[in-house]
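The same subunit A turns up in both complexes below, where it pairs with subunit B and then with subunit C.
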Partner chain A sequence: MGVLTPLDRPNSYIGRSVPRPNAKRLLAGRGRYVTDITLPRMLHVAYVRSPYAHARIVSIDAQAARKMPGVRLIATGEDLAKLCTPWVGTMDHFKGMKSPPQLPLPIDKVVWSGQAVVAVVADTRALAEDAAEAVYIEFDELPAVVDIDAARDPSAPVISPELGSNLCFHGKIDTGGVEDIFANAAHVVEEEFHFGRHTAVTMEPRAIIADYDVSEAKLTVHHATQTPYQFQDIYARHYGIPESSVRVIAPDIGGSFGMKLHMYHEDMAVVGLSMMLGRPVKYVADRIESFVSDIHARDHRVRARMAADTDGNILAMDVEDVTGIGAFSAYPRTSVVEGNQVYRLMGAPYTFRNYRADLQVVFQNKVQMSQYRAVGHPVACTVTERLVDMIAEKTAHDVFDIRSRNMIADDAYPCTSPTGYQFEALSHHACLAKVKAMMNYDGLRAEQAELRTKGIHRGIGIATFVEITNPGPAFYGVGGARISSQDGAIVKITPAGDVHCSISVTELGQGTETIIGQIVAEHLGVDRDRIKVMTGDTDTTPYGGATYACRGAGIGGETALQAAKKLKANVLAVAAAILQDEPDRLDVQSGWIVEAGTGQQRIELSEIARIAYFRSDTLPPGTQAQLSVAHHYAPQGYPFAFTNGIQACHLELDVETGLVKILKLWVVEDCGRVINPLLVDEQIRGGVVQGLGAAFFEECVYGDNGQLTNGSLADYLVPMAVEMPDIEIGHVETLTLDTQLGAKGVGEAGTAAASAAALNAINDAMKPFGGTIAQVPMTPARLLKALGHI
Partner chain B sequence: MKARAFNYVRASTVVEALKAFEDAQDDASYIAGGQSLVPTLALRLQAPELLIDIAHIPALRGIELQGDWLRIGALTRHFEVLSDPLIRLHAPLYSEAAPHVAHPAIRNKGTLGGSISHADPASEFPAMTLALGAELEIAGRDGIRRVPADDFFVDLFQTAIEPGELLVAIHVPVVRSGHRWAFHELARRRGDFALVGCGILAEFSGDVVEHVCIAFFSVGSTPLRARQAEEALIGKKLDQVAIAAAQAIVGDDLNPPEDEHTPPAMKRHLARVLLGRLLGEIARQDV
Partner chain C sequence: MSDLVNVTMTVNGTEVSHSIAPRITLADFLRQTLELTGTHTGCEMGVCGACLVILDGRVVHSCLTYAVQASGAAIETVEGLSERTAIADLQEAFHQRNALQCGFCTPGMLMTAHALLSQPGVPTREEIRDALSGNYCRCTGYEAIVDAIAKVARDRDAGVIAQASEEVGAWAC
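Coming up: the complex of A and B.
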């Protein structure tokens, strides 16, 4: 007989690879996305967009368009401003941050190319587009602010003159001592890094139906979003509707990656249009619109240097990050969070104590930039890990040795990073050792040397990382943003002994509902297939922050766990009354009340429920069975649950063409308790693919006039299956002791370090040729330049 | 985006199709596989009044050996090009190129005639039409004419096909013993339009190059032949010296447009690399 593990206990689902119960439904085409929803009397909106990056609106002529077939309403910025109050994307804890007020549609000027200007509502989308072609807008083109340096030039046009400059935020961190260390250090390496803009390209685009019912003054919004309560708050406040009269429903969601939690102008406008018409109005962003209106990510230029002593001990880092965010800061989470995480996560895995950083967040005439999967992480990781490799080269250390020499020891926790992040417990050295064994590092190095003699150039790159997960109120709440750090669950038992769990965290295709089901099943003591999990509806789930910043498992999971335990206590209290026994001598297993010590079955859960609901007269006097519980949980203790890991990339560079074949990628990751290994591994793989997309393919390229030059899937390259390597994943589990569950987040780990590992691998492959690269994506043109061919 | 409203007719003969076009006073488009046309309709880059569906005209179908020529019907779909034994045997550069043309779903719909008459300078089949020295059979109101590939590709998306005319078939002179060929393209992702691509058909007399056709794509406003590189090889043994001579001059044969994503210098560099690799491959082939 094999050794028993915790998984051999009854109802042991945590730690087990169980498939997603909703996967079959989605694969069978029975998903219900916003696009699938058709409401009675529903209309469709198309937007007339600005062809200019920066221009004054001189006049709008919609006379001809109003007469086109099927047209029900043509609305401008002025029309919607009568209903909707402006919003400002700032938070108080970013001192000195500023951003101009925004409206659904602009009134007097446009600030990026593709900005929606006029809404055309018609019986069908095609008719709305026909009429949109007949709307004539006269623009007076203004000089566009495109480049991040040009934006800060005193002679540059100021996009929002009332703010005085194009600087949104200027932040500084200085532990002191940095200047002296660099002046006297044995080794100093420095580099200028460029991180291109890219965007989410979700399978399901943004989609929304606003349905304002004039008879009851109630608003229902079917919204492809990951944060329903956040939008309930926004629609209620900005349209002056009582919160209880606003219902936001997020049905099946086809990917979000942070993109679907920001306020978009078109989406806000749809609510106003529905109020004006008293009819449901649907808007679905098509792919071309998505490229010029979904948030973009990254867009950083980082100048950074690192100092080390003669032995390769890292002493200090000095960083200057400039990031362009478009013409305003996104709402309600702001566009400073990305830069803030970039300059606070630099060097996070290492022991050095002296750090100085300068962050400038600038406005420009481009699409808004804001939070996207692994906010700031890939930038901080790439800069740090490339500099570490450069120190290794200078001091003749192997890339593994330099890291084990400098990383925080696994027994040194708790400790604090130079930027003030508090680490409960990380496992850098354990992860480093594990990945080295998994990838057969020494074998790969030997193979690399041999192949080089045959003109085949392979590269090996590693990147260690720290990821921010399970954020508490320190993330948004303290800054004044009305975004809940708490989540809530209602768990109830039906008369048949089935279980319903409605919870505020949301399902975006990543498997939230699956793991919530696993946790409730294990901690309540029932079979998983008897549990139904419901998410994504402000009328039917408790209030909560939902899913963002890797909090679904760690915070949502803990909420479900505590709710399930509370319900179990209630069940046992009723069972004890019925069985004339003591609650603590009983347990629930597989839907049965059992004797705790022996596991002997006493009475079925469904029988308890039947008695409680239908024959309460048979219960002892004073017994009120509570077979539903509501429970909330917000993280306390550490402000964030940091995770860590390491990625390794093996690739082959065609040094004549600049084309790259990614051969393999390894990830060792520590997200604490792994609730569902299958889903965790697929989260990591998906994240890695997005990271490799950023490393080699994805970039929103702008021309000098502020026009996006590759805004279609023909020109904007997303990573495809053929180009992606096998991704092998290992785990180290360091539980957080802040929760009973012990789980931290994992959704961003893959993206955090993949591009850094790839960049290090490319530089490793190019070593015999002397060229280096510090820019992503690493396109063939850039690699040919680095290799000196063009 | 949604396409603007249009009318639709299905033609059952070439004559019927030509007549429908004429009746529409040229505000019409022929549609077969629709793989290039439909996206431009959806983006409203084109909005013809009438779409004439030619996908059910029997005369545009079939693959047939006619003496020293292989006749390939214009409606032959990409997946048929990929798998057809006659094409593999007699017009092998089409077969070699086919796996690089887009993805299976597109290959199931897209047609060879559609690709050639669309004449995207980044497409594989138009360039292979040049490399194979094919002739294009075109139907118009004055009857049928045949245009050699060298005279067919006029400018960006422009061919010898006049408005209203219809490409009926592609006639390829069959390859003979003594012919060697090679195809390759450099693309960032499998199935994408290539950064640079090239097909070469060479005829050897012993180990001397007697005739060679080097056709590049994605390097100008049309698919184009590298005439000077061809010249440099004719009458030569295909050794290192000859290959280097062809590589040295091929940059002058090409006319890549300014493009910030792939600058002309990069295209010329990649063309040199690709030419060297393909000629090396041909040199290694057994006669």
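Coming up: the complex of A and C.
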């Protein structure tokens, strides 16, 4: 008390926990999700899907279905191919990567089980489903390519023969010297890791309404997506509609986590169906369809080894990652980005300089795999952190000591990783010390030892990580993808002195609109409740990248900050003209023009606006008030703003049943400037729980024939409240100096390291039994196997 | 397609009467026929809890209930509870604690919380987590939801917010 902090200035909102104004309507049941939207004369589509993972389409008979009640259109791949040009999910900077062309619906063969083949459009979804059952498709089943090793066998059937093999991409990194180091190292540890496929399971499934107006040749798409401009570009290019005639609106979105920024075949088809019919067509994936058509994530097998000297100083890593991505690479972001991040993020927190890695990205007859929250990070983090623990064990170091011995010093920045990532400033040691204190590490170890004597087996695991955020054009643009890394904002003052900000970053519930409001309020000098933020509409916001790869706060926030400053300068210019004063002697506070030094109120902002808009005749001659500004910001400086942090997991393993009780999670995270601690912490918690889901429950299980065997919410386990722990969060704030705001991203940090910390904790718990595990999810059966019980 | 049937029920205090296909679920009836879109569907198989509504004083999965089964019943949805301010303290606590992100699970969460807090006593965190086991949330990680419900439980117990006690049964199907 009594001490003034930066938060005590007027309108100082950055750094303050404020709730989200836009959450109130969601709490009242007044959200407006795409699933809720009904348009006049709207029709509904259901898809007939392939029961086979790999088959030739011999014939399609829709005669009977066409006569069913309410049916308006039945369309096949050939019908849609007349309107839509094919797309190919490759980027140029992944040298040698390949992927076959894709169409909304296939023409001659299906390449995964559940692939949509025929579209049935009817007055209601139920009628469309009735008619879909009457469509008869004859398939000629082909051998399914499922396993990542079998897929690479020279004798394997090739899913896309024109590509010559089932290899999408082969990448190598080699700093040199690795072979020698391993040959002579005092300690070498190695392990084979398996990361199961899992999927986003957004509570609102994918949903889209395409509304093509034939009279004006204009397309409006209500699309549950986090990246409206990306889809505007895609629909315009592939359907040959001028870009300015395509409007994509993303209203309230019921979760996305990266899943809703990929091009899905059903969604692309909906646009064509609306063009054929001249009526709005709606598609909402039901949950079963979500499991067989939403992107899956991960699916990696990593063989890795790490070398250290006698003292436990890590010398080198050698990694081989094979990942299965489905039958083609996703569009437009590709399915190589995850593997690319896996093999470039390995060992990132540590000082060793010698690294070799091999990445193979493999086609198979499964649902497409692509970017989902924390792309690649959990894989790189789990492999690295488990190997570090194994070195600790070999060299009799504590898990904290081995890390502090090997992590990059907090004063060693800027520096680069062996894989070429440039780190501006990270804080591994500060985070490590902080988490150790938060969790009372020594106390937990003492308790663990005591409980072991009573047959209670608790485990403590830690995992340190770096996260890629605020990506510049190096991420997608340089590869030829039309995905923007800049953002734009329009900020304007209304005649009443309120503020309206429309911005290209999007709201998914993470709080984008709230933090943009905080930033504009602080830098313009107005109260937060006078600001309205608009997002998610290509017709009403400036062009920009929107929300992906943890860029909303860092890049969108900086855009808003600079726009607000520009507008403030305009306001002060008009105010100075009215007050016959100098702009630099004035300031804006709480909606008033004040004297800069004293804060003495001179004239209200609403009065400036009134004069500017209604009585411009009273302004001094030559004064043109500019009370709206449009401003764009593209990241410059470092290609990415890396963040870092550490997670610690405490759990109890029932060694008889393999059941795990997760007791507690601690996270210390450094995302630079924390704009709203309340929202940041909830991003971390939500992310951690998705990471724990991957660690213990979530897996898309396939049979040998390429059938997904657990594609329903009853069979696929997502974390429930009762299984999840409380999560304690601490922060270290190392600002990025690339922006005035200093913020980096935080949305993926929770997911990046939770499964690694959990895996290390489980291995710690199993230590008395000599069992180890290197596979997620760590199901009870796998744990009992690791313990030697089954 | 089978013939239409008449259903009459009271929804949020208002009697409604419609001719509907017998296969229409209560969730679809509320969302599509009555345009009460606050009730959501996330799985349509009774797992996720997004579709919970109150039917004659008990919380039920509207995705597993046919609208015709609700004929003659009194239904209350999140819109109704909001309008008669029955859950204003819960909504405020959720808002302040940021116990929602995308908000898709939220109406169902509020239903479960409303039912739980209508029972006597102050539930522990464990009991709250247990009660929420039929409500999936993919965004929040649950802790904020538990915090918000715990706060309202304490406040109501302490009489901070005068709340007419109202009996709502835990979910039934």
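Just so we're on the same page, the second predicted complex is superposed on the first by the 789 of 790 C-alpha atoms of A that agree within 3 Å, B and C clash if a C-alpha of one lies under 4 Å from a C-alpha of the other, contacts with A are read in each partner's own complex, and residues count from 1 in each chain.
The working rule: contacts are C-beta pairs under 8 Å (C-beta built on N, C-alpha and C of every residue); 3 or more make two chains touch, one makes a residue touch a chain.
As the structure is a computational prediction, the values presented were derived from the model and not from experiment.
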item	value
Touched partner set for A:P378, first subunit B, second subunit C, both or neither	neither
Contacts of A:A126 with subunit B and subunit C, given as first, second, both or neither	both
Which of subunit B and subunit C A:D286 touches, first, second, both or neither	both
Subunit A residues touched by each partner, larger count belonging to subunit B or subunit C	C
First, second, both or neither for A:D252, with subunit B first and subunit C second	second
Subunit B versus subunit C as contact partner of A:L659, first or second or both or neither	first
Partner chain in contact with A:V722 - subunit B first, subunit C second, else both or neither	both
First (subunit B), second (subunit C), both or neither touched by A:G509	second
Partner chain(s) touched by A:N710 [first = subunit B, second = subunit C, both, neither]	first
Touching partner for A:G545 - first (subunit B), second (subunit C), both, neither	neither
Those residues of subunit A which subunit B touches in one complex and subunit C touches in the other	126, 130, 286, 714, 719-720, 722
Subunit C-facing residues of subunit A, complex	19-20, 23-24, 26-33, 35-36, 38, 69, 126-127, 130, 200-205, 252-257, 286-287, 508-511, 678-679, 682, 685-690, 712-714, 718-722, 724, 726-727, 750
In the complex, subunit C residues that touch subunit A	1, 21, 23, 31-32, 35-45, 47-48, 50, 77-79, 82, 91, 94-96, 98, 100-107, 110, 125-126, 128-130, 132-133, 135-146
Residue ranges of subunit A touching subunit B (in the complex, touch as defined)	124-126, 129-130, 133, 286, 288, 656-657, 659, 696-697, 701, 703, 709-710, 714-715, 717, 719-720, 722-723, 779-781, 784, 789-790
Subunit A-touching residues of subunit B, taken from the complex the two chains share	1-5, 43-44, 186, 188-193, 195, 260-263, 265-266, 269-270, 273
